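Heads up, the next two complexes both have subunit A, just with different partners, subunit B and then subunit C.
Moving on, here comes the complex of A and B:
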């Protein structure tokens, strides 16, 4: 039973990091109908930026995290302005390929600056273990769950109550109508990329503590697709639930079944969801159908 | 020689011809001569690269039929090539099927698998289809590495070299002729397909599927056919990789491979056969050139040489982004512009055929 608890916590914490990355994907998709294949690389950027801001500059944690977020937002805004803006209205294949190109550039630049070797540094989450009855769980993993939930709740709050959030929903609903109501689409796209960078950077900061700083972190970008499809491409709540389900599925199957099946089952789920309920659990039911 | 100021066909044969104008035929002749003479002057390094370009051209033409002409985005091309490679390799290795037959069989098997993975296109399009093919890629990749009994898992499979008339074709020089003939055949096949009823149906589905169905195109059947044709060529390319390298490893058929091929057709030009070749050449040669640069400055500037693999990755991304922003119709369009300029030279007032294909 204690193993089961341990697996559950570890699955949930992985799931919440998926959810953070997925939330970035959702925000960008909601605002601009672009699916961002570089989301994993934004996460990767987050881990290296926090390594830079804290371990390399020697700043205290609070300032280091702030610097990380600022740098991540700056990169995202530059990317939106230079790469995505010129392609607004282009076919989907262009949008997909441009974010794939972006992912390659980010990975190349990060690799050129920080090299291939994993780096390590003192985590900002306290190390050590917590005892839950018979099970002992790593503190940083346990703590990452409420942190992620808080950030995701903040994003949900943003969409429901703030001016930019409502503008973003308006644009997702009907771009023409939103434009004629005086909503600035470039501004909203910028905000969307900024938010995606923030949620990815926070995910990156937690990953830096939990699994360390290494180029492999970027592979999470692909593992996020089952999460967003399961939850619905335009739902933050769906990202949370999808993240939890996929995270748990991965650890349970990894432990009880093995054979690397934990890596492939999420994609089988993805295909099933696409065939049965393509808009996901919480997505809006208007998707392009044939 | 008379100066042309436009294209004026007077016969239907000329209008329907693939290469109706003398200039086009001369250009093709020069290119054919170059291809014929190339292996006699080039060293083994360049021959190897040429073979890679030829194989990539086959795969890129296949992907372009699906993505460029039919508008169905696939991130699973690498998986289809894997199925071609493993099928042909295993047929020859275990059952002793002659290499020619096993390559053809592999292409057919891949076409069937491709049509199967095209089934989601019944309900999905655009983004959702792209994600479904991504899942297909991941599932096939898992199969390659974990179905150890058949694929050997992470171990490489060694494939016997092809034999023709008792001669072992294990050199790049010998393989060159097979590769070039296949690439040429694939190009001819695609060019003829695109101007047939089926090819026109592909383009109709891409441009407006509802309108296509109204004028009598069976949309779903057309999409499946596009998936099958595209996968046939992907399987062919995969099988040729197996026989070119004489070795099959799963690393050559990952999602990165799918992305590489998508990059080829984006950079070359969507829906263009010439573009498939130009894109395949650029995307194959660019990393090789950067590698060369790395080796040449290894001693003088080791710091820069150490960073070059990453620079290579970044340059790959930058090339895709720049083409998408500045020339979405790719190298094919650039070449078309050059031709158009000289076509009516020195008269600039009338542009001839644009570089559609």
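Moving on, here comes the complex of A and C:
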């Protein structure tokens, strides 16, 4: 039983990191219908940025985290401005292809700056252990769950209630009509990329503490796709649920069934969901008036 | 509608027009000339109707004013568009909305996955955060009571008429000085068209919004408008008081379907049309 509890916490904490990265993908998709294939690399970038901001500069962690977020936003705005904005108005597929290229570029740049070897990094989250009845749980993993949920709730609030959030959803529905209301598309896309970078960077910061800083973290970024497809490409709530399900499945199957299979199962789930609910669990359906 | 009501909002011909287009030329994709020296004036407080057959350039005219041509690879190549004394041709669409011109696109174009209420908030985008805007929506519900009951529903599930009301309500939320309406009667039942145009007249008088209206339905458009202009092949070929236009024999023949010579065969009409083009 204590093992089960430990597995659950561990699965949920990785799941919430997936959800943070996935939420960034959702934000960009909601605003522009672009699927950002570089989202996993933004997560990877987050781990290196926090490594740079805290371990390399020696700043206290509060300032380091702030610096990490600022750098992440700066990178995202530069990417939006230099790579995506010139493509506004072109077919969506060209923008999606560009994000695939962007993914390779980000990895290349990270490799060029920090090299291929894993770096050690002490998490700023307290490293102790919490006792829950018979089980002992790593404090950083437990804490990462409420932190991620708070960030995700903030994003959900943003979309439902703020002016830019509503503008983003409006643009996704009908760009020209959104233009006619005076919504500035470049501004809103900039906000979307900035938010996507922030949520990925927060995921990256937690990941750096939990699994460390290495190029292999990029492969965790790939999990973003089963997560969003399970939850629905345009639902923050879906990203949370998708992250939890995929995270839990991985640890349960890894422990109870056998190692190796846990790497495959997320994609099996992905295929099954696509067969049953092509829009994901919470995706928006195409409205047809009869 | 009586002559008196029709002239109710006329502010006298001496005042400079709120909107003036002077010899505007619009080119699509650098080659297709759609507006060929169009000139048009709309006075403050009026409803002006812009009429003409398909392809005359009516929608292009509205998009040239509202700055929405860029996204379709169109541009104002020549001439000026002056709003409230300031040249606005070539400005970004969002700046033009901030100046007080709001275009309601043809075909309703509501945001399907947003609720009615959120659609209205999106209309008020240039007016800042939502504080105070919720009270504003009540004003919209007052003009369009049918929307009030559906404020929490997704706009994609509204009927065609309700969607048109929502499109107009979104425009109201921006509190514009001028609305550009593209075919608000499109695809609606005649009863609904009457009621929407009555409301438009109310909005024009109570909110003091100047309206430039593009319509295929010339009869209803001229019945609420103060002034009218008829476009053909990228130019204004006839303009004047709405009453005068409605009484004009050629307008009756081509746009109101009220020719006095009884029914003619289609071939005769086509022949007649060719001879009677205002410009060739």
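The definition used in the following text is that the second predicted complex is superposed on the first by the 280 of 290 C-alpha atoms of A that agree within 3 Å, B and C clash if a C-alpha of one lies under 4 Å from a C-alpha of the other, contacts with A are read in each partner's own complex, and residues count from 1 in each chain.
Assume a residue touches a chain if its C-beta (ideal position, glycine included) is under 8 Å from a C-beta of that chain, and two chains touch if they have at least 3 such contacts.
Just so it is clear, the model here is predicted, and its values are computed rather than measured.
Bringing the complexes onto one copy of subunit A puts subunit B beside subunit C with no clash.
Contact with subunit C, but none with subunit B, is seen for A:181 once the two complexes are overlaid on the shared chain.
Counting the residues of subunit A touched by each of subunit B and subunit C gives the higher count for B.
Within the superposed three-chain model, A:264 lies in touch with subunit B and out of touch with subunit C [touch as defined at top].
The superposed arrangement places subunit B and subunit C with a least CA-CA distance of 18 Å. Touched by subunit B in one complex and by subunit C in the other are residues 287, 289 of subunit A. Per the touch definition, subunit A reaches subunit C in the complex via residues 89, 161-163, 166-167, 169-170, 172-184, 284, 287, 289. Per the touch definition, subunit B reaches subunit A in the complex via residues 67, 71, 73, 120-128, 130-132, 134-136, 138-139, 142, 145-146, 209, 219-220, 255, 259, 262-263, 266, 270, 307, 309-321, 324-325, 328.
Touching subunit B in their complex are the following residues of subunit A: 35, 83, 86-87, 90-94, 96-98, 100-109, 111-112, 222, 225-226, 229, 233, 259-261, 263-264, 267-268, 270-271, 274-275, 278, 287-290. Subunit C makes touch with subunit A in their complex at residues 66, 68, 71, 92-94, 96-98, 102-105, 109-114, 118-119, 121-123, 125-126, 128-130, 154, 156-157, 160, 170, 174.
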